[in-house]
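To start, the structure itself, in structure tokens.
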Amino acid sequence: MVSAVMSAVESKAIRRRNWQTNINAWLLLLPAVVLLAAFTHYPILSTIYHSFHSLSRGGTSEFVGLENYTFMLEDDVFWQVLRNNIIFALATVPTSIGLALLMAVWVDKKMAGRSFLRLAFFTPTVLPMIAVANIWLFFYTPGYGLLDQFLKSLGFSGHNWLGDPSTVMSCLAVMVVWKEAGFFMIFYLAALQTIPPELKEAAQVEGASRWYFFRRVTLPLLMPTTLFISINALINSFKLVDQLVIMTKGGPNNASSLLLYYIYEVAFTFQDTAFAATLTVTLIAILAGVALTKFVYLDRRIHYQ
Amino acid sequence: MRQKDHSVETIAAWALALLWLLPLAYSLWSAFHPSEYATRFDLTAPLTLDNFVRAWNQAPFARYYLNTLMLVTMVLACQLVIATLAAYAFARFKFFGRDVLFALVLVQLMIMPDVLIVENYRVISGLNLLDTIPAIGLPYFASAFGIFLLRQTFKGVPNELVEAARVEGASSFGVLWRVFVPLGKTTYIAFGLVSVSYHWNNFLWPLIVTNSVESRPLTVGLAVFGAPETGVDWSVITAATVMTMAPLLLAFLLFQKQFVQSFMRAGIR
Amino acid sequence: VDLTMYYPVAVGGPVTKVIDDMVQQFHKENPDIKVESVYAGNYTDTMTKAMTAMKGGQPPQLSVLFSTDLFTLMDEKAIVPIDEIPGADKEWLNSFYPAFMENGRVEGKTWSIPFQRSTIVLYYNKDAFKEAGLDPEKPPTTWAEMAEMSKKLVKKDASGNVSRWGVEIPSTGYGYWMLQALAIENGQKLMNEAGNQVSFNAPKTVEALQYWVDLAAKEGVMPKGAVEWGTLRTDFLEGKTAMMWHTTGNLTAVKEAAKFNFGVAMLPAKERRGSPTGGGNFYVFKSASPEQQQAAVKFIKWMTAPERAADWSIKTGYVAVTPAAYETEVMKNYVKDFPQALVARDQLEHAVAELSVHENGRIYKIMNDAIQSALTGAQTPQEALDGAQKQSERFLSRYK
Amino acid sequence: MSEIVVNAVSRTWGGVGGVNRISFKADAGTLLVLLGPSGCGKSTTLRLIAGLEEVDSGTITIGGRDVTHLSPAQRNISMVFQSYALFPHLNVAENIIFGLKVRGVGRGERDERLKKVADIVGLSHLLERKPSQLSGGQRQRVALGRAIIAEAPVCLMDEPLSNLDAKLRHEMRTEIRSLQQRLGMTMVYVTHDQTEAMTMADRVILMRDGHIEQNGAPHELYNEPASDFTARFIGTPPMNLISWHDGSVLGVRPEHISLVESNGIPATVQAVEYLGADSIILCDVKGETVSVRQTGYCSLPAGAQVGLGWQNRHIHLFDRDSGKRRVGSTLAQ
Amino acid sequence: MSEIVVNAVSRTWGGVGGVNRISFKADAGTLLVLLGPSGCGKSTTLRLIAGLEEVDSGTITIGGRDVTHLSPAQRNISMVFQSYALFPHLNVAENIIFGLKVRGVGRGERDERLKKVADIVGLSHLLERKPSQLSGGQRQRVALGRAIIAEAPVCLMDEPLSNLDAKLRHEMRTEIRSLQQRLGMTMVYVTHDQTEAMTMADRVILMRDGHIEQNGAPHELYNEPASDFTARFIGTPPMNLISWHDGSVLGVRPEHISLVESNGIPATVQAVEYLGADSIILCDVKGETVSVRQTGYCSLPAGAQVGLGWQNRHIHLFDRDSGKRRVGSTLAQ
């Protein structure tokens, strides 16, 4: 009897404590929650909503079911832009990761001028894409751009790099790799430094060559980092379109356009927000897909600790 | 044998590094020389600041600087406060709905405001904030990345430190202020650097929400200034470009050790 | 009264400064009206800004926009007819060149007032002509002539690389404009009055594009791939091309910077001479209050008054929008020394209204893409234009 | 004035772990050691006293005041953590006065008390250093300084020496003990090291699986272990426990066994560990290993046959099933 | 066959740290312990033998072969690191056979050897686990397994037990020692724990500041310390060193001092540490602290006056300046 009363009193105290914790925590979170809801969650839902409604040029919009989606699937530009984006991702992600790894391995060891090297590799990442695009735009300018001048001095003819659909993507990819690789290098560098030096020594004692060690130990141990970077790079390749505004406006003939740029164009130049919403839903689906693959599948396979 | 391997690699590394600096070096070259030398390399070419003067006079760069400065300060300050509070709650409280809420925060890591330009534009215009500096910053105030990083950091703070502070009489806020915040210093620095450079460099969103010189940040100013239609002199454009990147670049050169290190130590991954 | 005005710049020279000066001058003369002029990029950017701002609830009260965006602006219910605003009298409305008013009149109403208006002209490098053994006073007058002369003008360096092209027609940004010129010259109109029908794959349009493509692919007198609108002027000034097709709006910028003698000519003919008009008009937004609308008209009137129009034309190269401007002393003096300034105006008699339809931005993009794909050899002109026609109809069908 | 009374206190996590209805008392001014294997509930007990955990049931009083539901700050205690819990961003002085600052003690008083405490713990010359620049022993002293500057009558310590090397540990335990006695603090000290417990405590509480196995003075635990658990836990090498007749277990400590010429229990030498002052001889007696402690160096080879003997008064008898000490266990054979 | 000879080897970093002209020999099949305080050069010595550091001067031979300039792989040694250096992404089996794989040993042989080794180190049931899923002792065993599968005649260990808790440490050292003896390996074992050194070694090398202070069997170091440094380093509590006349220092171990009724050196009890089997009495003798070891519980109160005595044969004499043992030091008084 007594103990029953006591435990009732106590559980009340515990409940009150829980209440307090809850309220405190939610208060702390309030600003973040409100802002996230306003600028991430609500927009996502609203995008989905709008993708099922007609465009209201000066009138009212109505529910149109999948019409916008059918329209999208019939839109050649959409497919081209999607294809471009995938090609762009495939071209930039592995290259920048490979280069980043190479750079990180170099600047991780005691090499002459190590901090200069780090600086050189990392610098492009702090520059605004807009500025970078301006600089590279001039590189690629046909005729008197740096690239053409260089080629001409070697006796090759010039080329309209950004004006040619077959080269424009590669040109942009090279620039993006240049800008991004240094950023990823830092992550690899951080990861490399967490690999205990004894591992290398143990392998040395066992007779492993440097290359063997790199392949069989370093590389697998860097897998979580590689995964992290890949995801980031992948997301970036769907997010980064600043350079298009400056360099190509998506041209020629959409050869360099990317999904987000197309969304920007449709929404703001063509003022077709319903179709833009539909495209955005696609983009969100892609990004969510990337995220889910990471969380559900890759994370489980790659972590050792 | 080992020695030689090394030197081959050193040379390769240096070659790549120089190649990497080439675009930057080139832009400096062209910005500091008369336009005749924009594409000709001649060590005797005269140095000049003329391009900068012309750029400065042709567009309100002073105003752009001010706008960008206000923008990054505001964004950083808000992000730090908001993320600190949220991260503290996530790291140290067990409350109803925590995991769901955290997952909802993480959504923003994947689907950033950059992607939701159309709807965010609606929201901002609904708030009647178009063409203002807060409009540029607002969607970024709650940074999932910041929350995530700080939460990691805070979780790494040994429980003993928290308990020691509590035994010594500190309140919840006291613990946050006296223990977590100082211990998060590296993370704060790393995050601050990322945030500042991100918002200094951000373009598409500010392009969309700003119209006027009074709110336009440097990047948008530069894009407007350098639009090919206007056919402004290449050297002048590079000068403007250099002006746009200079503060960040200088800060980076000055603090590169801290920058790289705090990055690595914050264990962003 | 406070007014916000967006305006675009699509040509070289310190145009923003010219506009700002004019606005200031206006304010001095009309202290009760304050106009804030906002430079918003090229035509597309400015239209984008204006539309976006309108949707965001903070539209400008007036703007200089593509004369051709009329349908879009009407569809968006963004603007008011100028002739319904008190102060816009008939006399004034009738003082402009009719060719420039064409784009602004729909359903019997006048919706916009011409301001920075142009036609396409042919700039040519007289020195290069001499060097190539051509008569610098005889620019090409037909397509065939242009191709022929261009071949002579192409210059190659020792290693066989072209150091000077014969002619360049820009294909980014305003490619459709250039194609329209070629189509007109070939006797083909591109759109109907109602702005809901286009004839992009009409045989004559295809022929026009084929000619353009051939200049690069067959004749080898123009660089392959896209020719950048923005940098073409620089190319011309640096002697990288002997001739260029460009807006007359660039005339003053070219004049200021040219280190050689250059001439300006009407575009060469196929079946006929011709060029679309081009450039931007003033629009007044519906959301402006009655006072603001009246103030806007007052401002527009001031900006298009003969002296200002003459001054503007001299400072940029755009065609002054009223005949009266050419009667002013300054203008008379100016053209005496620089007769090139009259070419674009004289070409008006052959001019046709610029391509203007519903969903203008989209259609322009479709057209530009098609032109680029033909020029880069990705598609034949027929394929490219068939595609453009099909896609355009997809969008325009909503407006039938 | 400040004795601690823990009365029937329970704290479990969903019924597992933690402690279960434990009661004990720490007299004012004494040092009480909580001893026991990992996971037995020592830290939990200490944290309950500190208020870092809430009790499920039971009461805790400190100096006669019921503190069961007070926050740590209100209990007027100080605490030293296993890893010292020094704030890495503060220097030594700031670490020591942390609590005074939090509690708003004025600058003048703070400085004065700091000076005194820094003297006591011998850190006066290191006040500017950051913890990372200190050796383990010095860090330990900072933690001590922080605990005593509050002048709280009760000080709690959770394995404060476990991160130090053997030599420093030895030094520090002397130091802590003398400090505790000098300042007259009531101290509850958690350790799983029996040497520490034996050398420092006024009273030792040996815990096991969340309950108290034995509570007594060090020599009581050593000489009269209440159970085979205590017997095995205390002493290095531990007491030999040999199966005996009628359901009992016989215990005898290695130092109480001698090698006898005749009449001894026959045994085979397995190995000898030489420790300097003495050697441990590991012998096999009918399949059970018995360790024998001998002074000095022992040169017996493995395999040698020896006889083992001990005196009756050194015998302990335990119940095989309950493990409890049998009354009058020092009789028999 | 595989004794290790280190001959006048030096390795310093810009003249500081490291080791300075050290020479010693580890006989084939024996266990040699490198003992010494932190920073004295133990790891450096081991790494020089392994080839992980290059000598500045001197030679190293293993089994008669000069390996001074060979790579670690060519030296035919195995090594166990303090933190085990297990590859976190490989499971136990893969970790153990890492070296065999590197060296291209065929699958069949690999599996066979793995089976044998896994049995020896008792890991057969854990072969699929990742290191992160193992306890400290199990990790230690994996490291051992990796070291012995190579069947290298020489095995080097750098403080392999320092990350384990006391109990496991005790177990593992017995295990390592018996393994070494069973397989007949020549083992060089680094530690700074004198108990480990004393209980495991055939021969102990005590290092100090990059040179060898003493090289001998464990009981030699204990009973005939060549210097006061050795005397103080070995034994717990350490030897008492008391200033003596004509520039000498007198050393006597705590267990060799007894409390005598008469004729003893007068001393005051400062404190008593009760350890169960014995007690340490800390006495003050003319301002110097002398510890005395007594069997059993000692109830002397602090402040009690006692007399201390010892036998001459237990006396060690050292030179005050050089610290060197004086010849015939067991004479005198």
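Which chain is which? They are A, B, C, D and E, in the order written, and residues in each are numbered from 1.
Heads up, the rule we're going with is that a contact is a pair of C-beta atoms (placed from the backbone, for glycine too) under 8 Å apart; a residue touches a chain by one contact, two chains touch by 3 or more.
For clarity, every value in this text was computed on a predicted model and none was experimentally measured.
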item: Chain E and chain C - chains in contact with each; value: A
item: Result of counting contacting C-beta pairs for A-B and A-C, higher pair; value: A-B
item: Taking each chain's C-alpha mean as its centre, the one farthest from chain E; value: C
item: Approximate Å spacing (C-alpha centroids) for the pair chain A, chain B; value: 15
item: Separation of mean Cα positions, chain E and chain A [Å, integer]; value: 54
item: Distance from the mean Cα position of chain D to that of chain C, given in whole angstrom; value: 92
item: Numbers and ranges of chain B residues touching at least 2 other chains; value: 121, 208, 234
item: Junction residues of chain C, two or more chains touched; value: 52, 55, 173, 228, 231
item: In chain A, residues with contacts to at least two other chains; value: 144, 268
item: Residues on chain B engaged by chain A in the complex (per definition of touch); value: 5-6, 9-10, 12-14, 16-18, 20-21, 23-24, 26-27, 30, 39, 81-83, 85-86, 88-90, 93-96, 98, 101, 104-105, 107-123, 138-142, 144, 147, 172, 197, 200-201, 203-204, 207-208, 218-219, 222-223, 226, 234, 237-238, 241-242, 244-245, 248-249, 252-253, 256-257, 259-260, 263-265, 267-269
item: Footprint of chain C on chain B - complex, ascending; value: 58, 121, 124-125, 128, 130-131, 208, 211-213, 224, 227-232, 234
item: Contact set on chain D toward chain E in their complex; value: 165-166, 170, 174, 177-178, 193-195, 198-199, 218-219, 222-223, 234-236, 253-255, 271, 273-278, 293, 295, 297
item: Residues on chain B engaged by chain D in the complex (per definition of touch); value: 158, 160-161, 163-170, 174, 178-179, 182-183, 185
item: Complex contact set, residues of chain E against chain A; value: 50-52, 71-74, 77-79, 81-83, 85, 87-89, 98-99, 102-103, 130, 132, 146, 150
